[in-house]
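Handing you this structure, nothing more for now.
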């Protein structure tokens, strides 16, 4: 079979899998706590695979734009480590997974008075964002935009203003976390500025192929798929994938590590970023969530793709 | 360079690394809560690598015997899933990592009244052991011995009677956990019998090459390195490695996943089992522990070996 | 109005109040976790007042016998302090109220590794019972029976064998607590013997007038209402009432302190002991419980009696 | 002995007791987390007794002014219940004591997502302050000042500007609590305005005789000692004393209830308000604190006064 034929076959298979998984959207529910997210189409399902040869194939509702939400935590982590150094970042944030839900203040208090458990829970993510380079709020947002555009390879990638504004209005729980961390000396910044940067970070908006390209870069030592340029240092790309496995899927992380074995990070928008070491980059979007807060169809799709193409790292 | 030369070179390099790591034994402390473990030699360090060609090379105090302690949790998990089925086991025990310490009753109560978080915390491990096949205590212990002997390839592998007896005498915390789980309907067995099996399981005794062979089998789809026979089913071997990454090293799991990226499980005896997917099996013993309860020198050795031989799965 | 007339009037008023409160029994539920308690009559309501002149008036289903359950915790506390000394008891058990539910293991772990918060939670009560005088289980039970008979003034008071046996069979949660405390060095005794004494203590059986007499003694400096003999030392009688106010009614203690202001201790059998300093002793029995585990009608009755006769200590 | 002689004797006795207790100041430490409080004199001890005949006798460093800090929580509670009604207040705040420390966020999350445990912990106190009458921040502060002046009987009573400003600067932990409660719909107000009122409330400043007068009013059905006018409704005065017993002294409340039995509320400034039902009002100031955050000498003084004059309510 010619390579072209083989690829055609691959496209047909994935297309079928994606359509089979669409039925799971019916079992999920749209997130409602951020007002702007309520407008999402509960039946939507999109999937993109960024493959070894540097091309992206996408399926389903592939032109829908969506915000990253918690998926942005891995982007911000990479950037903060690049800007402030690994030592500085992990002096303020721990490395340990947690079985608890993402909003947990309890875990923050119980295990360590002065250090959020890891960069994937909100307390940790807020701390990480405070360590993105830039003297002002504007500089930090610009720094973040420059970085995300390198990752997507698209100079027009930006945040969704309506979603960012909507999140800022309902950010009292994150505001509470941030002030708690400030009171304990973990966060140094002005809190309102930090929340402004953080909500814009969460509102970064893109299509599934953009997301798959990010996964591909993290999976290939942080290098640009076109130029081979080092966008993210090798150890940072590796670290990001590690957090994706141990705590990327809220308290479904352990289960997905067993059943799919693909480093993955989800957001309440229904986005999932997948990054197979030395393999595909995966971008999924399907906003109907399961009770753990992960995309219902997205989780099933990852498991199915992993089995079909033997993608598990274990 | 001839293969033989290359292997000789490999031996020299690892031998040097092991001796360089021995200095870390001075920073650790022997576990004291099980009286029999207090007799261990705090300076000891042993390391074995079971390599692709099915041979074991070992270094340092390689003839010391040691008990598995919590390392036995992964062995018991594989066995319980083989005997009772994945569905039955994970109906009783969760799959999620936890940032908390291994003895946590708090975590048991807070996140789920009826299900320990995962099979690596004591509450989960006790539940898992209750699902090893056998109608009586004696049958269960025999089943366990048959299985461990298949894994080590040594028909004389057994448990250390003195350590087992010593643990049984000081098992009140585990007894409490077990009765709590019985009260909640998670464990069905007679608790004293269960504790007897559990302490014998923890007291399984071997040398570092035996441990490395177990790691090799888990790393190679569960097959015997000599005969290719399926000792552990493929999905079970994979699942075991996943738990080793997400929660195999107590609350140092996340950090070791980042810094070494090797599926690993530790015990308070100072043992560490390492299992590189499609790569080496690793057995380490060094009883001086760090404040997280992991072998101080053992942890450093894993990081160093990973960097030196590029063993990270991420 | 002659004294006799006045007393007659008092009887009529209380009789009316008790019958008015009976409607609340419909809103409660019988405790089911101890099998023997399921046989209780959900409509039952009994109330006894032991008044200044040393007589007991009783109302409703006043001849029903019931077991003390957690009400026995105050009896055991008084006895343990008399037998082992205040210092010894409070070296092992704290004095602080807790807003959490009575079965909390969480609280035990979080606030103090080695000391239950107070003698009214199960962990504390088990520790207290371990300090009742007696070298053997039999001696301890005899000691307890001698003491309870002094308090009720009835030489036939004993425990209900069927209830004690039923509780022992379902005592796994208490067994877990006890082993946890033993593992931490708080409890010294053989745990099975301790549970035997503890379940007999909980199964002490009496009528509402017996209970009211106990409340009268605690309310009058620990003296016998007939002979003035010191059954309980003055500071012990005072301490017991303090614990009744701060943590006698599970997590309804604060609310009842505000709304009735009477030192009171409840049990899941539906018993409530009330003790007005220098005033009445109160015994209530009504087994239909509210969601906090207190007698539904009993709680309403205490509030009503307090308002009617101005019994609040505040 | 003439009444005048008797009173003279009383003064001599109390004076001796106060001076005997001064030695305990050496065992305490000044609170340091609010910068302005660091200037306090660690040796200071003042005590005032407001007695039945409406006069105040005071001892030690009786002219020192001090801020109320957490003592103000009972004042604000009385006022909020008067302004917003008992039902409204306890719809938002619970009534149960807690064994945990006063800053606990954990307790807030664990037992109830939407309701602080009681009005004496910071989360509850902030909620209570938000229910003081007044449309603006200025109106609320004026309302509070009018009320405190009725209680002290001194039209010049006001807050200490330097302390209030100092607290506002270091209020990030309280800010975090307030935003958390806002996010959960418990608090409705603008948070910065609320914190402004709250810090002024905590900074209310007076001498020990002023404090003793407040205790006298709460102890005498809320009536003015001179005019008999109802400053606080009877049930509110009673409720306030109940909270003082069950949770007025942080996690030393249970112990002090047993050892003194006087309704009391402490603050980190070293102030303690005591209120004997139908008896004395007590004002103590001694800024050297014990490890529970209560005035070291003040606690000893309360115990001693209670024993000497038989003040226990139990």
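In order of appearance the chains are A, B, C and D, and numbering begins at 1 in each one.
In this section, contacts are C-beta pairs under 8 Å (C-beta built on N, C-alpha and C of every residue); 3 or more make two chains touch, one makes a residue touch a chain.
Being a predicted model, the structure only gives us computed values, none of them experimental.
Participant: Among A-B, C-D or A-D, which chain pair copies the contacts of B-C, with over half of them the same by residue number?
Facilitator: Of the listed pairs A-B, C-D or A-D, the one copying the B-C interface is A-D.
Participant: Taking the mean of the C-alpha atoms as each chain's centre, how many Å separate subunit A from subunit B?
Facilitator: 32
Participant: In angstrom, rounded to a whole number, how far apart do the mean CA points of subunit A and subunit D lie?
Facilitator: Chain centres of subunit A and subunit D, defined by C-alpha means, are spaced 49 Å apart.
Participant: Distance between subunit A and subunit C based on Cα centroids, please, to the nearest Å.
Facilitator: 56
Participant: What residues in subunit C touch two or more of the other chains?
Facilitator: Expected reply: 106, 110.
Participant: Looking at which chains touch which, would you call it a line, ring, star, complete or other?
Facilitator: ring
Participant: Using the contact rule from the top, write out all pairs of chains that touch.
Facilitator: Pairs flagged as touching, ordered by label: A-B, A-D, B-C, C-D.
Participant: Name, in rising order, each residue of subunit C that touches subunit B in their complex.
Facilitator: 104-106, 109-110, 170, 172-173, 175-180, 182-184
Participant: Could you list, by residue number, the parts of subunit B that touch subunit A in their complex?
Facilitator: 94-100, 106-107, 110-111, 117-118, 238-239, 241-243, 245-247, 251-255, 257-258, 261, 263, 277, 312-314
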